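Two complexes follow with chain A in common, the first pairing it with chain B and the second with chain C.
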Partner chain A sequence: MVIAAQDLTLAYGDKNIVKKVSLEVGPRTVTALIGPSGCGKSTLLRTFNRMNDFVPSFRLVDGKIMYRDLNVYSGDVDPVFIRRRVGMVFQKPNPFPSSIYKNITWGPSINGYTGDFDQLVESSLRRAALWDEVKDKLNSSGLALSGGQQQRLCIARAIAMDPDVILMDEPCSALDPASTARIEDLIGELRERYTILIVTHNMQQAARVSEHTAFMFQGELIEHAVTKQIFNAPKHKLTEDYIMGRFG
Partner chain B sequence: MPNDTAKVATAGSSLQDQALLKIRWSEIAVVRFLQVCAWISVLTTVSIVGILIVESSAFFAVISLGSFITGTDWSPLIEPRSFGVVPLIMGTVVVSVGACIIAVPIGLASAIYLAEYASLRVRRFLKPTIELLAGIPSVVFGYFAVTSVTPFLQWFLPSTEVFNAASAAIVLGFMVLPMVASLCDDAIRAAPRSVREGGFALAATKAEVSVDILLPASMSAIMASFILAFARAIGETMAVALAAGSTPNMTLNPLVSMQTMTGYIVQVAMGDIPHGTIEYQSIFAVAATLFGITLSLNLLSQMIVRRFARHWE
Partner chain C sequence: MNTEKPITPETSVREAILDTPFKDNLDRRNFNAKIFNLVILLATCLAMLILGLLLWRIGEQGLPWLNWNFITSFPSRMAARAGIFSALIGSACIIILTGIIAVVLGVSAAIYLEEMSAKNRINQLIELNIANLAGIPSLVYGMLGLAVFVRFLNFGRSIMAAACTLAIMILPVIIISSREALRTVPPSIRLAALALGATKWQTTWHHVLPAAMPGMLTGIILAISRALGEAAPLILVGGVTYIAFLPNSVYDSFTTLPIQIFNWAGRPQEEFQAIAAAGIIVLLGLVLFTNGIAILIRARLEDKNRW
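And now, the complex of A and B:
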């Protein structure tokens, strides 16, 4: 197990968004979190690196988030340390308004990276399948790239931190089909090194990229199994209805 | 229902009669009124500029523009008269730069605190309170400078004169501070949440996100706010006239009395100088200089914002 939720209940104010969810994610796998809008999948995702700390009304009501043997929400755990090991890619590409080069090096440099930055930039961009497109303009702004390139830059930025886990919050929802296909291929390559948890609205995408799929509905985890099984022989009626497109 | 509307529409006259274009006089009157109101500001500016040009050209017919701009002796009221504006500009610059030395760091720091650290509750209290500072009448600041700031300065710098540029600069700094804080706060907050989250997700602390990402990204608006604050300080009159005194002084020492451009205009405009004399016309020349400087600064700040603004997305 690399990351896990144990009997987790999360709330915004008084409203429980995630209810008694238990989920384990093993090393070097891609797990997809699917479910209709508002089912709590993004909220759950954002607890694994404590990004919900910035939402004032967020509360962890009950249960635990584990990263390996660390209790992520324990008072003596530094959230900055967790975020060093658990990276994140967001729904909308959000490069910093600075050069491509600096987008990659900033995270490692503030976290004490002492190696060769040029090498780091090249290897991160190569692994994010962006190197060939940007190698001649590393000093131009990250914001000048296309949407799909920006998202790969954000993935490269996350990879540059050499994380253990990468969380992806609907990383393709703002992209066109061609860019989406490239990111999906990339996820296939990244699974060799990283544990990936991806929230997606798109069931075909979950079927294409993931080995495990977890289906959430109204804050509860309905079913979690090998992706093939979820899509071919779901155990639960709700899962089947959602996958067949009867609601959502 | 369709039957009812058809009935109303055809009652009395033909469709052509009903559709006949009407001239709505009340509508036209309202538009004209709104138009006049909108143009009043333009008219005012144009007439002020016009008067400045006419009166100062009468001045420059007697005193050459070159000797006015480069002259280092300003004694327009006492013989032998001399109209070198440099000491007034010097006084203005010393006071305004001093004000910015106070307002810029404190204002920027307040803005970072307001935008990134303060809780919603603290922010709701703090922001209007800072802006309240801008609502205090200028003359109160001037009085405060003479009765509190100057004695305080004299307490540890005994050479400080009763009227001095330093105390004017200090109160002026606090007068323009709300403007710096408010504009910088707006600029920092304009950065979308997604960019902050991107920083935090890379294991950055709040300070690292603020200093490394948000400040550089809002730098153009921050620079523009500094320039506007400087322009505002240059044009400020009452507090400066009270605190800095009315002795034109060619010096950089802020502990002595200095006269600013605005201070001189107040002194002459309120005195009993007869209209049409060269002394009277000199205030228009000084005012035109002042107007030129503040106008250029305003244009400069607009240019910076337009040219270097980051377009999020």
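And now, the complex of A and C:
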């Protein structure tokens, strides 16, 4: 187990968004979180590295999140440390308004990276399949890239930190099909090194990139299994209906 | 990045990270964060403390003199009978007039510069000049007011001349803050309206302006508060300190709270110093009142349009 939710109930204000969810994710796998809008999958994802701390009305009602041997929400665990190990890629590409080079090096530099920064930039960009496109303009602004390139820059920025887990919150929803395909290929390569959790609205995408799929509905985890099984022989009627496109 | 040894589920995360090229010094960084928090907290406390001291001192001096009689009486040679009524009414009239003139002119100019005009050299030059105007001492505006409004336009030493002078004085601040507010409106809102076949003006009036309004109001509040507290330019424009009647029209002569306070505070008698303090409390009350209204409007607007 790398990261897990145990009997987790989450709320915004008085409204429970995630209800009694238990989910375990093993090392070096891609797990897709699917479900209709508002089912709590993004909220759940953002709990794994405590990004929900910045939502004032958020409350952890019950249960806990474990990251390896650390209880993520316990008082003696520093959220800064968690986020440094559990990286995140957001729905909309959000590169810093500075150079491509700086976008990659800022995280490692504030975290005391002692290695060679040029090397780090190259290897991160290579791993994010962006190196060939930007190697001649590392000093130009990250915002000057196309949407798909920006998102790959954000992934490169996340992996430059050498994270253990990467959380992706609908990383392709703002991208065109070609860019989406590139990011999906990239996720396939990244799984050899990192544990990836990806929230997606796109069922084909879940089927293509993930090894495990978790289906959520109205805050509850309905089914969590190997992706093939979820798509070919779902155990629950709800899962089947959703996958067949009968609702959501 | 160059971790050769993979982290197994058995290794503790804290141990695992020791092998990486990241020396993340979390303790030192958290310590720095604490220091920084402490510094900004202290700065806030210091500012509040100084403000509190001022208020306390003024309250101690002025509160015993502050009563209904003080507010409803005209100025007098005797401190015990002197009141602030004409100054209060003068300030209120001038600030309403100033507000109307400055907001209409300032917001219009901001909309033109930000939404309508081409972004060219002339525009940049105007922008630079407006920013410079914001830094000119208020006395200079007083002299301008005296020359232009009192003499040239023949308003006389009147409420109208005073309001125009103050309006010109706060115009740069209003234009700059309004432009800033317009800039924070997401371009997607404009595009959405334009794509529905709206004219530029309809787009601005129905969508951009309402969205920018709360931000604009912040600048307007600050500017009007400043105008309310100004004495220097109004003394030049001709504020009188002894007015024993209420104005009938905007061309009547005037006095304002700051002028009255300035006058009282300069007198040698201790009583007058005390009623100056009482006047300051009234002025603070007026500023609080106008700001309160503006903040209320802003809060309602913010509730209405959020994205």
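We adopt the following convention: the second predicted complex is superposed on the first by the 248 of 248 C-alpha atoms of A that agree within 3 Å, B and C clash if a C-alpha of one lies under 4 Å from a C-alpha of the other, contacts with A are read in each partner's own complex, and residues count from 1 in each chain.
Throughout what follows, contacts are C-beta pairs under 8 Å (C-beta built on N, C-alpha and C of every residue); 3 or more make two chains touch, one makes a residue touch a chain.
Please read all numbers here as calculations on a predicted model, not as lab measurements.
Per the definitions stated earlier, placing chain B and chain C onto a shared chain A by superposition produces a clash between them.
When both complexes are overlaid on chain A, the residue A:V80 reaches chain B and chain C alike.
Contacts of A:M1 after superposition: chain C is touched, whereas chain B is not reached. When the two complexes are overlaid on their common chain A, residue A:P95 makes contact with chain B while staying clear of chain C. When the two structures are aligned on the shared chain, A:F247 is found in touch with neither chain B nor chain C.
When the shared chain is aligned, chain C comes close enough to touch A:S124, but chain B does not. By the document's definition of touching, of the two partners only chain C reaches A:L70; chain B does not.
Of all the stretches 199-207, 235-243 or 253-261 given for chain B, the clashing one with respect to chain C is 235-243. Residues 80-81, 84, 110-111, 161 of chain A are contacted both by chain B in one complex and by chain C in the other. By the touch rule above, chain B contacts chain A in their complex via residues 119-120, 192, 194-205, 208, 212-213, 216-217, 310-313.
If you check the complex, the residues on chain A that touch chain C are 1-2, 27, 67-70, 78, 80-81, 84-85, 108, 110-115, 120, 123-124, 159-162, 164.
Those residues of chain A that touch chain B in the shared complex are 49, 51, 54, 56, 80-81, 83-84, 87-88, 90, 92, 94-98, 106-107, 110-111, 143, 154, 157-158, 161.
Those residues of chain C that touch chain A in the complex are listed here as 1-3, 7, 9, 11-14, 17, 20-26, 29-30.
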